[in-house]
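Both of the next two complexes hold chain A, though its partner changes from chain B to chain C.
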Partner chain A sequence: MKGSPHLEIENLQAYFYASADRTFVRAVTGVDLCVMRGETLALIGESGSGKSVTALSALGLLKGDPGIVAGRICLHTDEGPRELLAGLDRCVTIERTPERPLSISKNGPAWDRQQKRNFVGVRGKEIAAIFQNPRTAFNPYLMVGEQIVENIRLHTPTKLYQEAYDQALYWLERVGLEPAAERFDNFPYGLSGGMCQRAMLAMTLAAEPALLIADEPTTGLDATLRTAILELLAELQRNLGFTLLMISHDLHVVRRLAQRVAVFYNGVIVERGPSLAMLSANDIPKHPYTQALLDAQPVRVSPKPRRLIALQGDVPSPIGEAAGCRFAPRCTHAKGINAKRCEHESPPFFQVSSDHQLACWLYTDSKEVSVRGVDA
Partner chain B sequence: MRTRYVERNLDGAQSAGQSFSQTRRWWDTAGIAFGVLVFFVLTLAFTASQFGWLPYDPDQADLDLILAPLGSPGHILGTDFFGRDLATRLIVGVNAYFLPALGAVAVSLTIGATLGLAAGFRGGPVGLATHYTCTLVEAIPRLLLVLFAVTVYQPDIYHIMLIIGLTGFPGLATRLRLRIRHLREQSFFESALASGVSLQTILFKHLLWHHCRPLFLIHASQAMGEAILFETSLSYLGFGVQEPTPSWGNMVQTGSDYLLQGNFWPSTLPAAAIAITLIAFYLFADAFERRAQDRQNP
Partner chain C sequence: MKKPLLALVDVSKSHPRNAGMLSNWAARTTGRAALDRVSLTISPGEIVGLVGESGSGKTTTGRIIAKLTAPDAGTLWFDDQDVTHMPESEFRPLRQHIQMIFQDLDGALNPNMRVRSILAEMVALDPLGNKKESAETRIHSLARSVQFPLDKLDVTPRQLSGGEKRRVSIARALACKPKLVIADELTTALDLPIQAQIANLLLDLRDQLAVAFLFISHDLPLVEFVSDRIAVMYAGRVVESGPAFSIAHSPRHPYTRLLWNAHAGSVAKEELAATLVADIAQQGCAFAPRCPIFKAKGSPSRCTSTQSEPELKLVEVRHQVACHFPL
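Up next, the complex of A and B:
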C-alpha cells in the first residue's frame, strides 16, 4: 500500500466572512495536495497562510462562515476511497458580479447535515489530530486515562472497561509515560506540557488511526522536550506505519521528520518537493519565499557567522481576488523586466526535478505542470 | 543566624497560608454537611408527616395546656394558643412547601438548563435573545408577581410554585450560557471533535455533566431556599396555607399575637426553623460553589 495516495486535496477553496469589512477574506484559494500512504508531509509557511485551514478541512472541523466553498478531498481508506466534500458544492453558491466582486451564500443546515454524513467514522478512526497546547486539549475534569479509555472504546472493537484499561496502560507506556498506572490517574493539570502531549499521542494513537494530523505539536514546548516528542513521533510512525501530515514553523524539525514538504504563502502552495533538498542551503532551485524562510532561520553550524535576514514587507491583503504572484510585492526578483508578469500573471507550477515543483516565473525554462493536484 | 531567621519566617508565612486555606476548607465542609443534614431532616419530617408518624395530631387542641412553655412534659417544644403541640405542627408544616418547592426547582432547572445550553452553544442571536430574556425576567419583582397572581386567581400552592419556577431560571441560564460559551472555545472541545466523539456526547456528557454539574446543584440549592422563603412569606401574609393547616409562615403569623405577652416560642420556633433552613441551603450553595471553583482552578 505504500506509495499510493492516502489523502488527496484538489483545488480547495475556503473563505471567511469579515463582518467588520462586510467582505469575504481568502483563507485558501486553490490548494492541491497529495499525501502518500505512510509518508510524512509537512506544511510550512507563516501564520495565516492557510496551513491549518487545509488540515482542518480534511478533518471537517473548519469553523467559520462560509468556510470551504469548493474543492475535493478524497481519503483512501481500506474500504475504498471516500469523498469527504461530496455533495457540499450543492450547498454553496458563488456569485461574481461587477458591483460585488465576490458573494458567497451557503445553506448552513444542509451543509452541516451533508458534512456530518460524509464524516461518519472518519474522525478519530481514519484521521486523528493532535494540536498545539496539549494541556488544554484534555478535558480538565477527567483523568487522562479515562479519556484514553473513552477513545479506545469508541473506536476499537474493545468495549469492556477492563480490557480498554489494560490497553490504555499499554499505550501510556508506549509513549513513555511511566509508571503508567499512576499516570492513568493523573488529571491533565497534574502533567507537564510534554507529558500531556505524550498522553495526547497515546490517546489518538490508541484508536489506531491511518492518518495523523499534527498541528504544530511542539509549539509551546521547550527545546529538549520538543526533540523528545518529535523523536517519539518519528519512532511511532516507523513502527505503526501511519501517515503523518505535520504543520510546523520549525524548519529543522521539518527537515528531520518529513520526507516531503509543501510551502504555503497567502493561501496557496508556492512550492512542494522533497524536504531535504528544499530545506538545505545548497544550489537546488527554490521559490524566493522558501529562500526567505531559510534566510530567517538560524543555522547551528555554518562556515562563518551569518546574519539572519528578516523578510521585508507585509503579506498582501487577503480581501478580494488576487492577481499575479502573491509573493511579488515582497520578492527581490520581481523587479525590472519580471515585475509586470509577476504582478499580473499568476505563475503555474514548474517542474524543476522529478518530484519538486514550484510556482515562480523564475523557472520558466522548466517544464510546466499541467495536471493539478497529484504531484508524485 | 540570619538564614535561620529567614527560614523561620518563610515557614511561618507558609503555615499561616496553609492554616487559612485549611480553615476555609473546614468551613466549606461544615457548610456542605450542614446543608445536607438540614435537607435530610426536612425529608425525614416530610416522610414522617406523610405516613402519620407523629407524636400528636397536629390539629388536636388541648385547652388545658394552652401556651405551654418549652420543655413541658409531653410537649418538648411547648404548645400554641390552642394547646396544639408545636413540634408536631413544625413537622407537618414541612408539607406546605416541600413538594411544591421541589417542583419549582425542577421547573427552573429544566428551563435554565435548556436555555443556557442552547444560548451558550449556539451563541449569536439565540444567545442575545436569552440574555435579554433573562435580564427581563430577573427584573420582575417576583413577590409582587406572586401576590398579583394570588389576588386575581387565588391559585393553590402548586400554581404559585409554578410561577416561582418559571421566573427562577435566569440565574442558571445566564451562568450556564457563559460557562458553555467559555468551554466551547477551549481546545479540548475541538480535540474531542477531532477524535470522533459525537457532538451530543460532548455537549451532554463532557460539558453539562463533567463541567456544569456543580452549577445545577448550586442553583437547585438556592432555588429551594428561595421557594421556601416565598411559601413562608405568603403564608405569613395570609395568602398561602390557611389555618388550621400548619405552615411555618402562618405559625409565625398567629404566634406573633402572643409575643408581647411574653410567650415567644409559638412564633420564634417556626421563625428559627425558617431561618435555619434558609441559611443551610444558602451556606450549602456557597460552600459548594467554592469547592467547585477550587476544583476548576487547582
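Up next, the complex of A and C:
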C-alpha cells in the first residue's frame, strides 16, 4: 500500500465573506496536494497563507461563510476511495460580472447536511487530528482516561468498557504518561502542557487512524518538551505506519520529521518537494519565498551580532482578486524584464527535478507540469 | 566594565500555593519558590537573553524588575539606587526608564483606540518630552523608528497584522525614552520573516537609542542571535549566565547543554526520557534527577544535600555556572 496516494486534494478553493468590506476574502485559491500513504508531508508558510484552511477542509471542520466553494478531496481508505466534497457543486454558484467581479452564493444548510453524510465514519476513525492547544480539545469536565475510552468505543471494534479501559491504559503508557492508572483519573487541567499534548496523542491514536493531521502540535512547548513530543510522534509513526500531514512554523521541526514539504503563500502552494533538499542551504533551485524563509532563520556564525536577511513588507491583502504571482511585490527577482510577467501572469508549476515542483517564472526552462486552477 | 544599569541581588519570591487551579504548575508540584536567590545584572545598552522552561521563573523575574510584584527577599538596584522597597511616589520618575512589552498583544493594545491615540497617550506622559516638539511630530518619529507605516496610524489594532501590532507595542514602550525594556516573548506566534524584521529592529534600536533589553524567550536560536549575554533559569534559579556565544556553543551547565541539544535534536534517548518526567528535586540541586553527570558520578551526596546547594561561581571571564561538576 505504501507509495500510493492517501489523500488527494485538487483545486481546493475557499473564501470567507468579510461583511465590513462587503467582499470576499481569499483563504485558498486552487490548492493541489497529494499525500502519499505512510509519508510525512509538512505544510509551511506564514499565518493566513491557507495551511490550516486546507487541513480543516480535509477534516470537514472548516467553518465560515461561504467556506469551501470548489475542489475535490479524495480519501483512499481500505474500503475504497471516499469523495469528501461530493455534492459540493450542487450547493454553490459562482458568478463573475463586469460590475461585481466575484459573487458566490452557497446553500449553506444543504452543504452542511451533505458534508455530514460525506464524513460518516471518516473523522476520528480514518482521519484524526491533534491541534496546537490540547486543553481546548479535551472536555474539562471529564477525566482524560474516560475521553480516551469514549474514543476507542466509538471508533474501534472494541465496545466493552473494560477492554477499552485496558487499551486506554496501554496508550497512556505508550506516550509516556506513567503511572497510567493514575493519569487515567487526571482531569485535563491537572496535566502540564506537554503531558496534555501526550494525552491528546494517546486519545487520537487509540482510534488507530490511517491519517493523522497535526496542526502545530508543539508550538507552545519548551525546547526539551518539543523534542520529546516530536521524537515520540516519529517513533509512533515508524511503528504504526500512519500517514502524517503536519503544519508547522518551525523549519527545524519540519526538517527532522517530514519527507516532503509544501510551501504555502497567500492561499496557493508555491513549491512542493523533498524537505531535506528544499530546506537546506545548498544550490538546489528554490522558490524565492522559500529562500526568504531560510534566510530569516537566526543563525549566528560569529560572536559579533549581525543582521538577519528579513523579507520586507507584509503578506498581500487577501481581499479581492489576485493577478500574477502573489509573491511578486516582495520578490527581489520580480524586477526589470520579469516585472510585467510576474505582476500579471500567474506562474504554473515547473518541474525542476523528479519530485520537486516550483511555481515561479524564474524556472521557465524546466518542464511545465500542470496549469494551476485559475481563480474560481 | 561599565557600571550596571540594573542589578538583581539574591532576589527570592514565592507564590501562594493555592493561588488558583491553573497557576504555576511547577510551584504546586514541587513546592519550590518561584524565584530563589536570583542575581542578574544588565549594563546600559546591553541585550540580555533569559531562557528556561515554562515555570522556571523568567516572567516573574521580568515582573519584579518592572516592579509589578515585590520580591520576598533580596535587593533590586536601578541606576545606582536601591529601589526594592521604594514607595511608588518616589519610584514614579524612575518608572519611565523601565518599560515592559507584554506577550499577549491583543490584551495589551486597547481594541477601541486608534494607533495614534495609543501612542499619543504615552507621548503625553513623557515628562522629559520636548515641549516645543508637538505630540504629532513625536508620534511620527516614534512610528518611523519602529518602521510602522504612517498611513496606518488611524486604524484600530484589530485591523493590523501581528507584526504591525508588535511594532505598535514596541513604539509604545519607547515613547518615554526608557533605559531598559523588558520584552517578554516578543516574537512568539510571529512568522519567520516578521520575526527576523523584529529581531533586526531590536538590534537597530539598541544601536541608535542605547536602550538595554531583557529578552525573555523560548526561541533559543533567536535569543542566541540577538543577545549579548544569556542567563539560563531552571526551577527559579539562574543556573548559568555568560556571553551568548559561549552559552550556546560551549555551555558549562548540563541543563544548558540539554536545552541547546534538544533544539538541535541531538539528545541521548535516556536524557530525553528523563526530561519527560520533569522531576525537580526538593532539596539540593534542582536539576539532579534529570542530570546525566549526577548519574555518571554515581549520585554524589553533594548534589542532593540541603547544605551544599550549588551557587553561581565564575568559571571564565563573565561566565558563571551553578554546578558542582561543571562541564
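Observations on the model:
We adopt the following convention: the second predicted complex is superposed on the first by the 361 of 376 C-alpha atoms of A that agree within 3 Å, B and C clash if a C-alpha of one lies under 4 Å from a C-alpha of the other, contacts with A are read in each partner's own complex, and residues count from 1 in each chain.
Definition applied: a residue touches a chain if its C-beta (ideal position, glycine included) is under 8 Å from a C-beta of that chain, and two chains touch if they have at least 3 such contacts.
The shown structure was predicted, so the numbers you read here are calculated from the model rather than taken from an experiment.
Judged by the touch definition given at the top, the superposed model places A:Cys34 against neither chain B nor chain C. In the superposed model, A:Gly176 lies in contact with chain C only, and not with chain B. With both structures placed on the common chain, the touch criterion links A:Met246 to neither chain B nor chain C. In the superposition on chain A, A:Val299 contacts chain C only, with no contact to chain B.
Put simply, more of the residues of chain A are touched by C, taking chain B and chain C as the two choices. Once the two complexes are overlaid on the shared chain, A:Ala223 sits against chain C while remaining clear of chain B.
Contact with chain C, but none with chain B, is seen for A:Ala310 once the two complexes are overlaid on the shared chain. Of the two partner chains placed around the shared chain by superposition, chain B and chain C are both touched by A:Tyr189. Looking at chain A, you'll find residues 189 touch chain B in one structure and chain C in the other. Taken in their complex, chain A has these residues touching chain C: 46-47, 176, 189, 192-194, 219, 222-228, 231, 249, 251-252, 256, 292-293, 295-300, 302-303, 305, 307-312, 314-315.
Residue ranges on chain A touching chain B, taken from their complex, read 59, 61, 121-125, 128-131, 133, 136-142, 150-151, 154-155, 187, 189, 200, 203-204, 207.
Of all residues in chain B, those touching chain A in their complex are 186-188, 190-197, 206, 210-211, 295-296, 298.
Within the complex formed with chain A, the chain C residues making contact are 21-22, 25, 53-54, 161-164, 189, 191-197, 199-200, 203, 218-222, 224-226, 228, 243-245, 248, 258-260, 262-265, 267, 269, 272-273, 275-276, 278.
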